[in-house]
Amino acid sequence: MTETIQPKLVVIITESVIETTLLTDLENLGVKGFTITDVRGRGHRGNRAGDWGIDGNIRVEIVCSEKLSRQILAFLEQKYYDNYAMITYCSNVSVIRPEKFLG
Amino acid sequence: MDPIILFFLLGLIAALLRSELRLPPAIYEFLSVLLLLTIGLKGGVELATQPMSTLLPQMAAVIVMGFLLPLFSFPLLLKLGRFKRADAASLAAHYGSVSVGTFAVAVAYLGHQQIEYESHMPLFVVLLEVPAIIVGIILAKGITRETNWKALAHETFLGKSIVLLLGGLLIGWAVGPSGVEPLSGLFFNTFKGVLALFLLEMGLITAQHVSSLRKYGIPLILFGLGLPLASACIGALLGSFLDLSVGGTTILATLAASASYIAVPAAIRTAVPEANPALSLAASLGITFPFNVLVGIPLYHKLALQISGTPL
Amino acid sequence: MDPIILFFLLGLIAALLRSELRLPPAIYEFLSVLLLLTIGLKGGVELATQPMSTLLPQMAAVIVMGFLLPLFSFPLLLKLGRFKRADAASLAAHYGSVSVGTFAVAVAYLGHQQIEYESHMPLFVVLLEVPAIIVGIILAKGITRETNWKALAHETFLGKSIVLLLGGLLIGWAVGPSGVEPLSGLFFNTFKGVLALFLLEMGLITAQHVSSLRKYGIPLILFGLGLPLASACIGALLGSFLDLSVGGTTILATLAASASYIAVPAAIRTAVPEANPALSLAASLGITFPFNVLVGIPLYHKLALQISGTPL
Amino acid sequence: MTETIQPKLVVIITESVIETTLLTDLENLGVKGFTITDVRGRGHRGNRAGDWGIDGNIRVEIVCSEKLSRQILAFLEQKYYDNYAMITYCSNVSVIRPEKFLG
Amino acid sequence: MDPIILFFLLGLIAALLRSELRLPPAIYEFLSVLLLLTIGLKGGVELATQPMSTLLPQMAAVIVMGFLLPLFSFPLLLKLGRFKRADAASLAAHYGSVSVGTFAVAVAYLGHQQIEYESHMPLFVVLLEVPAIIVGIILAKGITRETNWKALAHETFLGKSIVLLLGGLLIGWAVGPSGVEPLSGLFFNTFKGVLALFLLEMGLITAQHVSSLRKYGIPLILFGLGLPLASACIGALLGSFLDLSVGGTTILATLAASASYIAVPAAIRTAVPEANPALSLAASLGITFPFNVLVGIPLYHKLALQISGTPL
Amino acid sequence: MTETIQPKLVVIITESVIETTLLTDLENLGVKGFTITDVRGRGHRGNRAGDWGIDGNIRVEIVCSEKLSRQILAFLEQKYYDNYAMITYCSNVSVIRPEKFLG
């Protein structure tokens, strides 16, 4: 068990309708791995109950280097924040096999 | 009264009374897949039995209507409604395209009243779904060197509902009535029941959007009622011009009057991000869908009778 | 043997052998929505064909039974069973109300045996669902100035299953047999199959609760067997008093004997938080449901025959 | 990208049957945004496999100020902990546009 | 052309064009539960009507084939294909077992062409599902003192698909044709439609695995085409040896040629972790399933005709 | 509200097909509570879109003592990392009623 870096967990919660676009963007930024959960919620843009087609949210979580985390957040804020229901948050995590996340 | 309308009311009332009733999203998806495929298949089977020489002119005329409807409503929304450019374009796209659910209710209405109609109507649904999306996106963004035509085509032609409608249509057309027959146990025999459940869910969803109406005020409500009425007249006139039966004219009027809430919202959301999706859904789901289902369709039937010169 | 019972056993055995078989929750929801609506619609259609003068007295008597059953079991549970007040009230509510799944199995049983029964039985399901919830909540909390009657009404009348049962009933009643006919492809023709899948799932669920029985010991098992037997007698007597046929009496006995595991748990969970939900579900799902389905219903049929004086 | 406050992520895992009540309570406490996931699990109150109706859990996550996070936790412990299957945990997160969470 | 094949192509094309069409996983589950139960029930009903003296020898022969098929392909995969031991064993298990979806397509094909076949074929599906899993696991791990036979039995006999197939079979056998009849509304009448939707989904899934083929190169593609062809010959010879009709021989050849993508992947994943699941799914889903559905089945029909000596 | 220990949140994302085995292992390690979410994702072992049977991932989250968290991670790395799609990460959380997690 090696624990040599201090990776970041980035969580993005946004409209499920942009999933494909968002994933392409993340890939272009260098994201190699992510996990998606179908969720619902409420925020500044109102209630997103997820009952049907375009009403749901996704929650994307990405474990990555601090540098990449900053790039992701800056990119998302610039491209999506003004027009889409979206929040992001970031925290410190420890991982085993850090090479899985820095590839 | 047709029981499917009562299912819609059941959902609406349950949600307005804050009942815990909710259908899982997967069931909503399942029901809409069934509806879209069934309507596509039905249309395709009819295509297989009709001479292209009758169909082609009608198809061309309907497509033209699909392009014109949003061009007609956009300036109204922009000038009279004082909506922002993106929102006006988005609303124009929603109202220029069609609602498959409303179409199914109109078909059920005519069936219930035993009124005949041309059986290739589902073809018109497919034809009307796409043009308004293209026009709406262009109205919002303009045509520039940077227009990403490939992405535009992807968003309009490869959305879920178009693929299912068109796929069903092509399959029905390829295999014809006898080929489709073994599928009828799932697709045709359960159609009315599937529609009933779908409308129950639509009632639940509509209720949420009704409550968001307050935020947008009177102008939106007026457009949500006025646009369908105006479009219905255009649809009815075209139906009569194409020599459709009263039933067929009723359906074409209903299609014109209906506002999309599946295909268009998804396509516009990615192509025109600056349009407010809550606004257009409040209009199409919160006003126009219930209006059409509860009041509009019988009205458009009367309109079709009037225009065809048949006494009321 | 009726195949639906075998589906229940299949689920039960698969789960007890720790098979990986699991149905997605959305499917469970879908099946129960279909069951509830179908039963409601069937009942409503019958209502439409029956004179109110016959129905009203029966309905009143059944509602009274719904209020009395929990009042009868509560002291037993409190004193004999030494359950905590909240738990005794919760169990009384579960056993006073009805299980729609058990009802459907009883109907299938009679159909399988070709025994006639009054076709307005689904109405009794609806009538029996609610009173025990109200009584149970009051037994647990007492009536004080602070009793939130609005919340109470909300929890009892706006739960998912009541809305669907009652909604189906009203729709069936409003449109009558011919109006419901086009819906039969989804709701009536597939009923037995839907019930089979539902019981498969119930078998899987029951197995989980069977294994939690150990925790609660003999008293719970005794009540889980004794209460339905006692209630069945009350139901059968009422059926005979109301001059129901043997089939109708069997169903009324089954309804009395059955314990809710959908509507009541949800309502009690929010209204009586201090009641242990695992306890009441262990009883209603782990004992009473399998008992009624496998053993009880034929027994209640014998009971009904006995009481009606028909030789065995 | 501004990172001026140290917001908290509050996670509540509890019975899905109390979703409506819980959300009303959270709203009354001043929660403006939240995200809900349907989950299953196991804990002191046994197995909650989520196979049917009232057997499932929800996972509510709330990004908020530290003050609000403490109010939420205190309230939940007092109102729900004794009678419902519920756990909560809290961690530090960093966010962009903190005004989204402090409104 | 049979419409269900077109549904498969619709899914395949939609996914290759990167359409947004996706069915919720719960619906995939629901459809496969329906398919498995229906096939099981059909087989069971036939069992009930056939003398054991005819069936037992056939059953024994089919089980032997189930054990031999993976033993025959394993050395080829190991030596010729130079796959790692675990991967060769895993592929041998996948191709030795059967694909229920492919079986259903073969049945639909024969129905469409109005070709008769022995109605107890679903029994063979059940019999062929398990042996290859056992052989595959033993080939991968060897038999040692530590072989956990209990876990092995659990993984092979209690997987979801086996439980549903076998459960359906036993229920059908227990209640016979008349007992199953009331279930036909859900299970039999909708069968073709359910299969169509299932194949739509399979098309969507297949497309994903087609694109992963590149990673594994030509050898895998050759095996994905060669193994089914070789196995089909074995199956056809056995069918003719057992004096099955041309239709029955076609199905047995198809079963031999088909590769599992439900039961085997799940069992092998836990029992042989070091086998690469992407490899075997690329072969069975990316090559063999579409090959069998689009090309193989008609081919195996020709083969059966040839072997039975009937002129083409 | 008591906050006397510094518990850990362990998150495991892996193939849903090993859920049963994994839970048995966790139980043997002494895990008393966990929460599971059905998710999808992408990583070194490719795309796991969750569209069907064996294609999905689960996300298991466990609040526990630091000691147990280390045991869990060591065990998972040794038993599962070489053959299964799996990532894990770990972070600090604060909890109320810590006794719920240390039982």
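Lettered A, B, C, D, E and F in written order, each chain numbered from 1.
The working rule: a contact is a pair of C-beta atoms (placed from the backbone, for glycine too) under 8 Å apart; a residue touches a chain by one contact, two chains touch by 3 or more.
On a predicted model such as this, the values are computed, not experimentally measured, just so you know.
Student: Could you give the fewest steps needed to travel from chain A to chain E through chains in contact?
Tutor: The fewest touching-chain steps linking chain A to chain E number 2.
Student: Any chance you could check whether A-F or B-E wins on number of contacting C-beta pairs?
Tutor: Answer by contact count: B-E.
Student: Among all other chains, pick the one whose mean CA position is farthest from the mean CA position of chain F.
Tutor: B
Student: Could you work out which chain's C-alpha centre is the most distant one from the centre of chain C?
Tutor: Between chain C and every other chain, the largest centroid distance is to A.
Student: Could you give the separation in Å between the centres of chain D and chain E, each centre being the mean of its C-alpha atoms?
Tutor: Chain centres of chain D and chain E, defined by C-alpha means, are spaced 46 Å apart.
Student: So what's the Cα centroid distance for chain C and chain F, whole Å?
Tutor: Taking the mean C-alpha position of each chain, the two centres sit 39 Å apart.
Student: Please work out the Cα centroid separation of chain A and chain D, and write it as a whole number of Å.
Tutor: Chain centroid spacing, chain A to chain D, equals 20 Å.
Student: On chain A, where are the residues touching two or more other chains?
Tutor: Counting only residues that touch two or more other chains, chain A contributes 37, 91-92.
Student: Of all residues in chain C, which are in touch with two or more distinct other chains?
Tutor: Residue numbers touching two or more other chains: 20, 22-26, 29-30, 189-190, 266.
Student: If two chains touch, include that pair; go through all of them.
Tutor: A-B, A-D, A-F, B-C, B-E, C-D, C-E, D-F, E-F
Student: Along chain B, where are the residues that touch chain E in the complex?
Tutor: 24-26, 29-30, 33, 37, 154, 158-160, 163-164, 167, 170-171, 174-175, 179-180, 182-187, 189-190, 266
Student: Under the touch definition given earlier, write down the residues of chain E that touch chain B in their complex.
Tutor: 1-3, 6-7, 10, 14, 17-27, 30, 108, 111, 188-194, 196-197
Student: Touching chain F in the complex: which residues of chain D?
Tutor: Those in contact with chain F are residues 13, 37-44, 57, 59, 70, 73-74, 77, 81, 87-92.
Student: Chain F touches which residues of chain E in the complex?
Tutor: Touching chain F: residues 22-23, 25, 28-29, 32, 201, 204-205, 208, 212, 262, 265-266, 269-270, 273-274, 277-278 of chain E.
Student: Okay, in this complex, where on chain D does chain C touch?
Tutor: Against chain C, the touching part of chain D is residues 15, 17-18, 21, 45-47, 49-56, 82-84.
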